[in-house]
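Please read through the structure below; I'll follow up with questions.
The first chain written gets the first letter, and so on, giving A, B, C, D, E and F; residue counts start at 1 in each chain.
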Amino acid sequence: MNDVLKKPRKVYVTRTIEFNAAHRLFNPELSEKDNLACYGKCSNVHGHGHNYELEITVSGIVDPQTGFLLDLKELKEILEQEIMDRFDHKNLNHDVVELQNSVPSTEVLAVTIWEVLKRTLQERYTNKKITLHEVNVHETRKNSVRYLGE
Amino acid sequence: MNDVLKKPRKVYVTRTIEFNAAHRLFNPELSEKDNLACYGKCSNVHGHGHNYELEITVSGIVDPQTGFLLDLKELKEILEQEIMDRFDHKNLNHDVVELQNSVPSTEVLAVTIWEVLKRTLQERYTNKKITLHEVNVHETRKNSVRYLGE
Amino acid sequence: MNDVLKKPRKVYVTRTIEFNAAHRLFNPELSEKDNLACYGKCSNVHGHGHNYELEITVSGIVDPQTGFLLDLKELKEILEQEIMDRFDHKNLNHDVVELQNSVPSTEVLAVTIWEVLKRTLQERYTNKKITLHEVNVHETRKNSVRYLGE
Amino acid sequence: MNDVLKKPRKVYVTRTIEFNAAHRLFNPELSEKDNLACYGKCSNVHGHGHNYELEITVSGIVDPQTGFLLDLKELKEILEQEIMDRFDHKNLNHDVVELQNSVPSTEVLAVTIWEVLKRTLQERYTNKKITLHEVNVHETRKNSVRYLGE
Amino acid sequence: MNDVLKKPRKVYVTRTIEFNAAHRLFNPELSEKDNLACYGKCSNVHGHGHNYELEITVSGIVDPQTGFLLDLKELKEILEQEIMDRFDHKNLNHDVVELQNSVPSTEVLAVTIWEVLKRTLQERYTNKKITLHEVNVHETRKNSVRYLGE
Amino acid sequence: MNDVLKKPRKVYVTRTIEFNAAHRLFNPELSEKDNLACYGKCSNVHGHGHNYELEITVSGIVDPQTGFLLDLKELKEILEQEIMDRFDHKNLNHDVVELQNSVPSTEVLAVTIWEVLKRTLQERYTNKKITLHEVNVHETRKNSVRYLGE
């Protein structure tokens, strides 16, 4: 069955999700004035917010029996628990443990999401070779940051 | 010149802009518990946020000399001053005078933006017949609210 | 509270959902040949399919207490039960009772969805004035059909 | 057949097409200096260009036999002949007869496309009641003009 | 001519196309019950469907005379013959020879399209160095699979 | 501060911009007839045009103090001066010095933009390690060309 899968095929599967969060670019080690100089309007005292769009990409060899790299329902559940529950309808500065000592920039967010998912995927897929390949965070339609574990 | 404009033509011109803001759905006249019952996760204490996309539509008769309903540079300036300066990179609950006594729902936001723009356009275009036709606020890719002054 | 809601404000709230379905344009009262003449490649014997994108718009007066027209969680539940359960991951020709004697064109789909939602919204919102305003079905990025109950 | 079509149903069918054209906002009755004052960078001597996206909407009663308002292949052919052949990969100031004496603004373009299609649809659908409802021209992602024949 | 092409420049050219197809995730070697356990609602007996969006990327050195990697009209023709004629308005389980013994998952589809195009491009561009770089299949706005021949 | 930045993290930051330009695919070393044979309708004498969408990607190690790879306001200024001022509302054949001896194909445009930005970024970020990673030019929704300096 699945003729093209008679030899191993490495694919990259991307799942796109969206969460809505508030944040303020603010470094508590700096004064309000220095924060304003560094972050400008992004440092507004009461914060602002975004519809963050994430593209999560995992890679590995397609299973010749199922025709899947992995069951997307499983990936969806993982993203629900690890990403949506952690970040959606939250304030990134106040509500997220992993960002407590951080400026919640898009760069920091991309690396943080990578760390969270890397750990979870390793625990879940110990036998299978499912690898986290890329986390791409779109803060707006115009700005995005990708992290690939480098 | 402009043959098709020899008779009056009513057009609807739409300008799309985006602003990034934090908000919390919270009615100060209710208890925290009642707010949670009413607004759920949208009532998160430290707020969340969105990339709000606005479609502002004005209507009127095309000027046969310029081929324009109105100069888009002018409309762009008005939207910069009245909308972007007021809402972009702001917290809707704390930073916007017009929303001080309000739950900043998408519905309330659409009506508030209508009121702000209606007044400004009337002051600016006293002689010309430029009418605000519609304010459409997209909170996410899935939810939007239109207000037409009814 | 909610200053702008001191006078009644009629808004149009749109919720966008997507379902994935197979269909075949086929009129059982006609021969295979006549179906092919009428529907061309859309009449392929084993069917084809689409990611249908729906924009459901309801209208009414904003509630001055909540700042909502209606609770979007409720609308989401209604659409889950009435639309997603009925059409998503289904074959429109074989699996949908309401389309049994019909050619499942986009036009017929838009009218059918209107009928289903009209009835449900009337049962749910007997006291409130929540009116179904429009059903817009996008079959592809290029083709869409709107029905407003006319 | 087609149960929901036992009573007449008026639908609005929208077809989206895209053409790529150059233009220059320039009024030959005015001096270069006055054109620059009026149109700014849009009056650049050698022109600029756009990917124009059109949404053409026709309305009428769904045919209870076919389940169609009209055959989309026919509409596609009309748009190919009347719109794509006339405007695609053209310079709006030099190559389009209908725009010879006009400033090719988005407003003028919307009205001109309306006139062209109105005539063609009337000739084609003499017996059927297919009405041109709206022409919506998107010049960019941010600017669009609708004309409804008013 | 073409100053920047005086040294060889490797570019990646992407063409996006869309086809509409029905499919059912079903492994004929398994029972109906096991198929349901594995594929859930995607295993619906009468199938469902999608608007598949493909991004086909080819790479190579830009021709210094034409300024092209390859003539896009040629690539368009190849994609019309090899992809659209094979998959558009088809049922992937019944109508596509290359998928006869396969579960038509997005992963299998991406690899199959790669194999079809790899062979065709090699036959067509024997002298030129045009290489198939990537096939990216978007099943929905949320799920996609890339294959790069690994 | 910024816990995840205690080890160096390489990210890819993408900024998306759009400019509107006219062009004509035309090689002055060839006859009109040969140009038509090579470029078809893209060789229309008076040109045509596009809304070009650019994705500019830079890469480097995130600054552990700011949480930024680079200040996006700076990148925005660079793109305004080097790209928008050079290409926006221009005719690529007549108005752009860097394209004087070139056929302004998407391939040539991508390489030209790379050369312009490479030089500017090197001058601006002499001490920091900010590297231009990729220039992706979308001519239409369907065609795009990426250049990575290879």
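In this text, contacts are C-beta pairs under 8 Å (C-beta built on N, C-alpha and C of every residue); 3 or more make two chains touch, one makes a residue touch a chain.
It should be emphasised that the depicted structure is a prediction, and the values quoted were computed from it without experimental measurement.
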Shared interface partners, meaning chains that touch chain B and chain D: C
Labels of chains that are neighbours to chain C and to chain E: none
Copies chain F and chain A - interface residue numbers shared by over half, same or different: different
Taking each chain's C-alpha mean as its centre, the one farthest from chain D: A
Chain pair equivalent in interface to B-D, over half of contacts matched, among D-F, A-F or C-E: A-F
Whole-Å gap separating chain A and chain D, where each centre is the average of the chain's CA atoms: 42
Between chain E and chain D, distance of the C-alpha-averaged centres to the nearest whole Å: 33
Centroid distance [mean C-alpha coordinates] between chain D and chain C, Å: 27
Interface hub residues of chain A, defined as touching at least two other chains: 141
Set of all touching chain pairs, with the criterion as stated earlier: A-B, A-E, A-F, B-C, B-D, C-D, C-E, D-F, E-F
Chain E contact footprint on chain A (complex, rising order): 1-5, 9-17, 62, 65-69, 72-73
Chain A to chain B touching residues, read off their complex: 18, 20-23, 41-42, 44, 46-51, 88-91, 93-95, 140-141
Interface residues, chain C side, partner chain D - complex: 25, 27-29, 38, 40, 98, 101-108, 110-112, 115, 141-148, 150
